[in-house]
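We call the chains A, B and C, going by the order they appear; numbering starts again at 1 in every chain.
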Amino acid sequence: MSVRGVSVRFGAAEALASASIDVAPGEFVAIVGDSGGGKTTLLRAIGGLLPVAAGAIGFAEAGGAVMRPGPRDIGFCFQEGRLLPWRSVLANVALPLELEGVPREERLRAAASMLDRMRLGGVERRMPAELSGGMRMRVAMARALVTRPRLLLLDEPFGALDEVTRQALDDELLALVRASGATAILVTHSIQEAVALADRVLVLRGRPGVSQPPIAVPLAARDEAARLSVGFASLCAQVQAALRGGRAA
Amino acid sequence: MRALRSVLPPLVVVVALLVMWHAVVVLWKVPRYLLPSPLVVFEAAWQDRARMLAATMQTTIASVGGFALATAIGVLVGSLLGASRALQRGFYPLALLLQMVPLVAIAPLLVLWFGYGLRSTIASACIVAVFPVLASTLDGLRGTDPGLQEIFRIHRAGRLTRWWKLELPSSLPSIVTGCRVAAGLSVIGAVVGEFVSGYAGDQAPLGIVIVSGMRETRTDLVFAAVALSACAGFLLFAIVSALGWLLLRRWHASAVTED
Amino acid sequence: MRTRTLSALVLAFAALAGCGDSKPAPNAPVRLRLQLNWVPEPEFGGFYAAQFDGLFRDAGLEVELIKDPGGAAVPQMVDQGVCEAGTMSGDQILQLREQGGDLVAIFNVFDHTPYGIMMHAAAAPATLEQVWKGTGNLAVETGLPVWKYLNAKFGKPTRREVPYNAVTATFLADPTIAVQCFITSEPVTMDLQKVPVKVFNAGEAGYDPYTEVVAVKRGRLPDDVVRRFAAAMQEGWNRYMADPAKYNPAIAALNPAMSLEAMNLAAERMKPLLRTPFTQANGLGAMDEARWKMMVDTLVQSGVVKSAPPANSLFERVLPAPAAKP
């Protein structure tokens, strides 16, 4: 997927000044930036939810053929989870398939197996209101992945959770993404989270944001120990510097 | 035990009011045509119990019919108006106007259009009950979570799918509230309609019992019929509330925390 | 068109809240509110004649004629003191007595009941009983004793009893319907519209009570006030019956809904019901105890009332003795 000089406006206000990055299939990219700088806007533009004012977003197959991603190909995960409160967990996870027209038996089976894989097998019949915040987010992730999308877009999914839960979910997310082979783009305001999960970090500096050259995260291991390593800290500093730019540190 | 705790306070209040009422009648020597004591009212109802029971049945049937119709129309029209700003601006004021017109004035028109008997009674019950349902449906639809709207938009769901699978379930708590109001109103509408459309005779509904009682200066009969129609209204309200609780109990705060 | 329903309850509470009379200054005219139970029409012609000719004033009375577009609970209002006198049907006095009231009739208008059943001439059978046993709708005021009497006499009607409401429109739209009618009202309307009708008089079926009397609360007004009042009313009715056309324009002015032509026709139709051998002998407005007894007995028999007070407790003879015939 390529993003070239994309800018987005909301009426007279420019939400995103300019963003450019090429994303390889299977890559995990994190977007960080000041609040209001346009990271969510960029994500939504990539997802086709917003029109771009200038620039272009293109999708190409591995062989080079241009494609247009349909709803099946992209999975969204939002901070609020956005589960339908009157439906059970199982019905919620099956929703994307249901809206595609997949027959009932098939879609419920797919949803159930997705939940199993995420070790959420026991909560199929429960209602979202009965679950904790962390569980709800995992159900939301299950829903995002149930169509086996090639591109996963996550907008600060764990922002509302406590630190411990968040790290656990980060690990789970990484494992899921790696297992499915999907490309993932994660928006976050936590530099630590960005460095912990991503292969590359895209920094949007300023308001409206301008993208800086992506910072590579060459960490082999992504476990607890890795997070405490010096390499990790220096990468975080690097991202921080890119974010602050010319201003005094 | 919990049921007893919720029933006892209103019951005590009702009994206290009845006692006060009886005391007023006795102490002030109020003539029967002006204010019959509750004992007199009860005796009048008991003596005529077959007729009163039949009348209550008739009025209840008309109320339920009118309520069901009002719910269907209210939800459908409310959904239509909710779908289009233009339609809303054009027709909402008209719907409001419908509610303002005094039922007593249009009831004779209903008889001309629908004939005597159950049809015009159901119509008048429906007219009174439809607006709360319509307004609450519209309100519920307007309050649909935009985040959820977006999920449906992402998956390219059609208008009808969106209405059926998202907006309507999401509006259910609001609609239930509107229906609870409409339930009691439908009884009032039925009784007022019966004033001008009800058949007299053995199957005379409560409205006719009231009108006839007024003519005969039998205030006790009038009170008895009014009390019975209040009971019918209360019963309908209770049933609608229970249905609402059943529908919402697993997911909505209003039902989950209700006593 | 004629109902005695609806606002009784509200009125009753209003009356309970505030009733009371003020003592007038001596020698000042006595204030008397006469509440009518319908709008100004020939059925009240004599009262208006007395008013317009100043007969009440001459008798030292300041009488206010209060009209009612429908729904006033007149008997209750008189009993509660909202007004000093009111027009009502004789059976209402009896019914109110059972419910705790105490009114007495002091003057009567119709010597024979003006109520009847009206049908389109083409559909009308020979007798009232056949009407009862016919098919179609029957629009009457449920609860009126006369219909209860007929139900008891002929058996429950095989017709469907529907409310008496918007009668003219309903009658014109339905060729087989039988509707309650009042002599000065529905038949007159139909005649003026050239619609052929047949009217069955309810009294001829055997129940002929006094259906329009003036009643007061027993003991509220001093005797001589009542006498002067009744005498003035009698003279008013004498004048009205002698020449209704003289007074009808003024009445029509008070009631734009009824045309002068209709009023004149109605007044003519009324005459045989007022000018009867009994009233020739005893004067307009006089009442016969036997008729009151007949009413009491019939109502007890039909189950309309439970107890039978003595007939002479329901009315008072307050009219002047008839002038000797020349």
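Criterion: a residue touches a chain if its C-beta (ideal position, glycine included) is under 8 Å from a C-beta of that chain, and two chains touch if they have at least 3 such contacts.
Please read all numbers here as calculations on a predicted model, not as lab measurements.
**Q** Taking each chain's centre as the mean of its C-alpha atoms, which one ends up farthest from the centre of subunit B?
**A** Of all chains, A has its centre farthest from that of subunit B.
**Q** Give the identifier of the chain nearest to the protein's overall CA centre, each chain being represented by its own CA mean.
**A** Chain B is the most central one.
**Q** Distance from the CA centroid of subunit A to that of subunit B, rounded to the nearest Å?
**A** So the centroids are 50 Å from each other.
**Q** Please compute the C-alpha centroid of subunit B, do the same for subunit C, then give the distance between them in whole Å.
**A** Taking the mean C-alpha position of each chain, the two centres sit 39 Å apart.
**Q** Taking each chain's centre as the mean position of its Cα atoms, how many Å separate subunit A from subunit C?
**A** Inter-chain centre distance comes to 87 Å.
**Q** Among the residues of subunit B, which ones contact at least 2 other chains?
**A** Not one residue in subunit B touches at least two other chains.
**Q** Where in subunit A do residues touch two or more other chains at once?
**A** Expected reply: no residues.
**Q** For subunit B, which residues count as touching subunit C in their complex?
**A** It is residues 30-35, 108, 111-112, 116, 195-201, 204, 208, 211-220, 222 of subunit B that touch subunit C.
**Q** Which part of subunit B faces subunit A closely enough to touch in the complex?
**A** Subunit B residues touching subunit A: 145, 147-148, 150-157, 161, 165-166, 169-170, 172, 250-252, 256.
**Q** What residues on subunit C touch subunit B, complex-wise?
**A** Residues in contact with subunit B: 3-6, 8-9, 12-13, 15-16, 73, 75-76, 79-80, 92, 95-96, 98-101, 137, 140-145, 156, 160-163, 165-166, 169-170, 173, 304.
**Q** Subunit B touches which residues of subunit A in the complex?
**A** Touch list, subunit A to subunit B: 47, 49, 71, 74, 76, 78, 80, 82, 84-87, 95-96, 98-100, 127-129.
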